[in-house]
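Lettered A, B and C in written order, each chain numbered from 1.
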Amino acid sequence: MKITWLGQAGLLFETGGKKILIDPYLSDSVAKIEPQNYRRQPIDERFLKIAPDMIVITHSHADHLDKETLCHYLSKDSSVTVLAPSGAWQEIRSFGGLKNNYVLFDNGTTWTESFASFRAVKAEHSDKNAIGVIVGENGKNYYITGDTLYNEKVFESLPDCAIDFLFLPINGVGNNMNFHDAKRFAQRIGAKHVIPIHFGMFDNVDPSEIKLKNKKVLPLYQSVIL
Amino acid sequence: MKITWLGQAGLLFETGGKKILIDPYLSDSVAKIEPQNYRRQPIDERFLKIAPDMIVITHSHADHLDKETLCHYLSKDSSVTVLAPSGAWQEIRSFGGLKNNYVLFDNGTTWTESFASFRAVKAEHSDKNAIGVIVGENGKNYYITGDTLYNEKVFESLPDCAIDFLFLPINGVGNNMNFHDAKRFAQRIGAKHVIPIHFGMFDNVDPSEIKLKNKKVLPLYQSVIL
Amino acid sequence: MKITWLGQAGLLFETGGKKILIDPYLSDSVAKIEPQNYRRQPIDERFLKIAPDMIVITHSHADHLDKETLCHYLSKDSSVTVLAPSGAWQEIRSFGGLKNNYVLFDNGTTWTESFASFRAVKAEHSDKNAIGVIVGENGKNYYITGDTLYNEKVFESLPDCAIDFLFLPINGVGNNMNFHDAKRFAQRIGAKHVIPIHFGMFDNVDPSEIKLKNKKVLPLYQSVIL
């Protein structure tokens, strides 16, 4: 899988010519409501011009479901399969478009395409419908936890499968895990590789403070093969 | 059991002189709200003239709970037992009629008649009260999933019984399973026979795209014995 | 336990000089709203003059929480412990009275007195807060299901204890079990004795149609020792 970190929780997955966007935040819209949460990272406008096949939104907060970003992908003429949990689903489907397929994606649901599968799992967050997602492709499992605290219900919701790559928040504010709990989370999951995300956008969090041998910090806006 | 597919999710079950209608959609009412969702199938008016003993409604969406169809069956003088989950139940009981028995039919409830039993199970859909129903008759189980995605909570809600005939949506939009997940669903249920429904009314979906050896496509408006 | 059936779901339990009323309906108030649901049974005014120690209300429908009946028992000067689930509790506490104790009695709660214990269990009904109650006294368990359909969540809510006497609705309308499901319910509970209630008030239902060897039909307004 070709993977590009877009900053904050934004990810672009590419496989077999298909483009999957997860929680893209490529604007400064949050700062209009919360001035202290201005972007510390530039916007790479190349990523506003792509035509995604799928968009996955993990919850309704504005740095995950960002209408100023999404309006570049969703229109009357686009053909996108959009996966979003209750709340976010009601919000994002207001983009309309008869060729877009807005799929309710609550904890427990699997949506399968020929190129990848998507399983919604629980996230424990202030949006109580928040989810994480496990993307299955070519025999590998990529688990993006979504914004979450360390909660037993998250573990109970997970299918019995090995996780190859774990993407998780480490910023410790806004109902996300801090370094300690993110480390415990990663160890409990037993993922082969751990990728910290959700830092550097509204803060100066240093991912080197999370001590894990199998940690991998992705370079911003540069694709890697994972 | 004598079974007639009425198009979309509509089914007529007949046994021992009793008539059971499930989600009949025999109008073009949806097109008034969503013009693109006009009927692609004719209305066979014979089925508007029957006098059902029971009506099962799986959820409140207009192609399942269609007042323009239901007004042919429910009146002050009819004697129908109506099973419907929360939301749909509140809506359909507005037809009134002192001899009609409107039964709340949420996930987990069984309603038994001498000629058949009806068990409500979970469906995962944008109407969060949506159900599926397992009809038990003469030692056989007919499982109509209702509109649903592939979700673990659906499987958890199922009683421990073999399914002889599985009726499930395959259209892949409007929070229904696509071919991939419908096939996985059928294989996990282990049904002896799989009957795709919920296609051909608002779309050109081709049921031959779902590859299952035990698949059976019902002819429209023609009764079969299953 | 000395038990008197008051018609419909009304019961008077007496033990050790204490009087417990459950869902007393001793008026014709329902007929004012629903003329077809007029009383088919006389009112025995003796039972309006008692001073109960406890009142248990299983849900908010007017043949269970009947203000025209309850005003005979609840006043500024009465000393009654009232157990009622959400909804019914908000409604009944409007009777006030500083010596009355209005206890919220939702599924899962146990309230214990020296003479008896009361355990709230789930009922599946159109009042979604509806409960049943298991009265424990002198080593025996009396389970009054409340108005309910046959639903798995009811069975899941039950404590692991033998039921000596099971009181259950059999009228088959208004979201109550019919004969078939009431019989299945009784068999699944495995109660030693089964007592049909909730018939004869608004209908001509004949309890002899429910075939159970351990069935006991109580005489109206006559106390029996159970």
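The rule is short, and it goes like this: contacts are C-beta pairs under 8 Å (C-beta built on N, C-alpha and C of every residue); 3 or more make two chains touch, one makes a residue touch a chain.
Remember, it's a predicted structure, so these values are computed and weren't measured experimentally.
With contact taken as defined at the outset, there is no chain that touches chain A as well as chain B. Here chain B and chain C face each other with different sets of residues for the most part; under half of the interface numbers are shared between them. Rotating chain A by 175 degrees superposes its CA atoms on those of chain C, with the angle stated to the nearest 5. A summary of chain positions shows that the Cα centroid lying nearest the centre of all protein Cα atoms is that of chain B. The distance from the centre of chain B to the centre of chain C, each centre being the mean of the chain's C-alpha atoms, comes to 36 Å.
Centroid to centroid, with C-alpha atoms defining each point, chain A and chain C lie 52 Å apart.
Chain A contributes residues 86, 89, 98, 101, 103-104, 106, 108-114 to its touches with chain B in the complex.
By the touch criterion stated above, chain C contacts chain B in their complex at residues 36, 124-126, 128, 149-153, 172-173, 175, 178, 180-181, 184.
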